[in-house]
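See below for the structure under consideration.
For clarity, chains are labelled A, B and C in written order, and residue numbers in each chain start from 1.
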């Protein structure tokens, strides 16, 4: 119970760097970031303007790292950031921001707002101003192993079921294979077919893989809450296991934040490059498709659109793989106007889906209307995506609005239509 | 002080002070901002065509798909007055002579009547952009004293210059002196207000391009 | 039209017709209605014997005599000089025959006999330094002479830029403490006829107006007759189209100069100078500075000597910028100092960092 404002401010002082300084000094208050944010657009509430969400960080930057700001603080022209303010900002930094990064795409002066939100969370977390739901997920991840409190026995159970369904053996803790496969709790609990799909595809491609009993969880609540030290602890489990097993690759599952955590933040959290490479499952699948390994026996007929998980596509850089894959398996794939890196967030990323207050859920429901409109405008009943969290959140939205949209996972879809 | 003395002062001491503060301010602020540095990214980069800091510096000037419709005034008004300002400042003969005197560089000018037209269009665009800032909830919410102040600082040189050439409001010599003074005020405050984006926009776009380019995303 | 002046002019070979034409021109130059031209002609023609002509006293102070030269230097002295036949020029040091005590006596008599009615013309500035000792005539400082003469004047004409605004003596560092007529005399109507020197016809126009209507013509905010100083050189310059097209002469003998292009870049102060040179021109319409290839100096404006240099365009800095290099050094130093402070603060924050545990997430 040692969170404090001082720790928070100190954390902010640590993370402020030249990009952040440049961004704050470039903002001309044009408000275009709001026009890209689904929370502002679907509520019309100006407080959700992305750059406004960063106000505490901006004040700390000015007051600590600029001469005029320091003088301003001394003479009382600018007030120090208070505990109450950070509490007020909790909703803005967590509930109404999924770190989707669409604001960063449109800022005319080039401000990377999502970069700054991630850093602001470092201060919010250690000053005790993160939402309870995310705190809980973080606590469970650190103490038990994953955000939903899953323990290995439950995972082992899923593995057994997958072995039965596919007739294949799934290695656990086997060294010197090609891939260490990671899973997100969401997949294990809600979409165990994902593992079956992987097994089928790997068999076809002749890829060797293993799971690790001490590192099966791909997601990283530490990154979502914004506590790098905790994120480091969590990601280290994977790194240590992967390096112990001497795998060539670590396979990141269909989970957005997991990919960001292991592929991009990981080496910076532990302070050194890995001894293995990180591959996103779709990158592997697209690779196999290009090599001709992924031959479809038939195609999915219904018209469908793609939902691009923010952390994988726009933020993670897996841009080129999804579309060719969906085109390989679907007869009627309809590319939408705001596609790929300009697609709209499901509204539940960044830990938002773990916040279960009434206000947060009402807000997410409102935000979902953008996805609803995309589906309706395309005139389709099927949407395909590749992130377990997006799937849960979108299914909740479909439920809430009583839509009859079918939501499918890409890897599963591929496996289903794969030639035997 | 009579009009000739005032004009001579703004052309002399005034300009000296203003340029001095400008140069001092720009260097101080650039170093203050960029010396904070950035930690190296230890993750292996992803190669992607067109994804780099340099690309973004230019590409960010193109509105992203769908955005012009959402906020036409921001883009159309914004482009108009920025380009208009550039034309008036850099392609009007007397201005080019000033730059030539200060730097030795010069280039052909556009006819004065064309500059006159562009000035009017630029002022109109600035008024529209101001009205938008007042009317649109998000812009109004974000706006601080700095936004109104810098709008005025930018508008006055256009207005006074135009009034001088048109021989309106005050006699030419006073109007010309006020015009030069208004430019000096703009120079003095530029490094310390949001107008500094004139310099930092390159750094910001470069950073966002590089950081996202590292992950293989052209932004 | 009859009158003594007409006879005088006829003897000098100037026809009545030429005289009428001149008055009409004078009136139209001053934007007066056609009837005024006739009124001027009749007023001047009917001027009576010498002793009853209006008295004009011309006092020269700290001047170069250029104004007198200008007004007397013309190619048709009979026309320009006619004005001197229409007035009684009771004191003018360059032109009068008398000298010494005789001249002083003429001055005192004129001032006494015409008290309250004479027109006082001043050229040259008035030095205030050393109690006015820098310029004395007959042992009296100009300052004292001015005050004395002004007391009985109906109106004062400050002839030339020195009298009007201080002129070249007032230029930096103004060692004699030179000032203008209107800096000293506050209780009489003063009309400024600036120029270094002024155009002759301006002088005659003002005098003709005074003779005809008994008052000074309409003046601008700097006390100059609007008829002659109402427009800038720039707005009446025949080379203006070149300015608007951006065609400038870069040196005095380059292609632009030879093509007669605009002289703005060579320092022409036309835009800020109000005078009639571009329309009336000099030497009975022969030419004027710009037409001869040299930029306007701005000589009819106050403080034109200190206006940043005759060869510096108006859009160029008046003086070379001195602070630039020093400012850059100070700015860079400040930036570097701040960067050390910033990095220090960041390191301190890093050192103060305690590894975050779950407990740190809760208050």
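Heads up, the rule we're going with is that a residue touches a chain if its C-beta (ideal position, glycine included) is under 8 Å from a C-beta of that chain, and two chains touch if they have at least 3 such contacts.
Please read all numbers here as calculations on a predicted model, not as lab measurements.
With chains reduced to the mean position of their C-alpha atoms, the one farthest from chain C is A. The interface holding more C-beta pairs in contact, when A-B is weighed against A-C, is A-B. With centres taken as mean Cα positions, chain C sits 40 Å from chain B.
The geometric centre of chain A is 38 Å away from that of chain B, both derived from CA atoms.
Taking the mean of the C-alpha atoms as each chain's centre, chain A and chain C sit 77 Å apart.
Within chain B, residues 28-29, 32, 35-37 each touch two or more of the remaining chains.
Residue numbers of chain A whose C-beta contacts span two or more other chains: 16, 65-67. Residues of chain C found to touch two or more other chains are 334, 338, 342, 346. Put simply, chain C touches chain A in their complex at residues 334, 338, 342, 345-346, 349-350, 352-363. By the touch rule above, chain B contacts chain C in their complex via residues 2-5, 7-8, 11-13, 15-17, 19-32, 35-37, 93-98, 101-102, 108-113, 167, 171-173, 176. Against chain A, in their complex, chain B makes its touches with residues 28-29, 32-39, 41-44, 46, 48, 56-57, 60-61, 63-67, 70-71, 74, 78, 133, 136-139, 141-144, 147, 192, 194, 196-197, 200-201, 203-209, 211-212, 215-217, 219. Looking at the complex, you find that chain C touches chain B at residues 221-222, 232, 234-235, 243-246, 248, 264-265, 271-272, 298, 301-304, 306-308, 312-319, 321-324, 326-328, 330-332, 334-336, 338-339, 342-343, 346. Residues of chain A that touch chain B in their complex: 16-23, 25-32, 34-36, 40, 44, 46-47, 49, 51-52, 65-68, 104-112, 115, 263-268, 271-273, 277, 314-317, 319, 337-338, 341-342.
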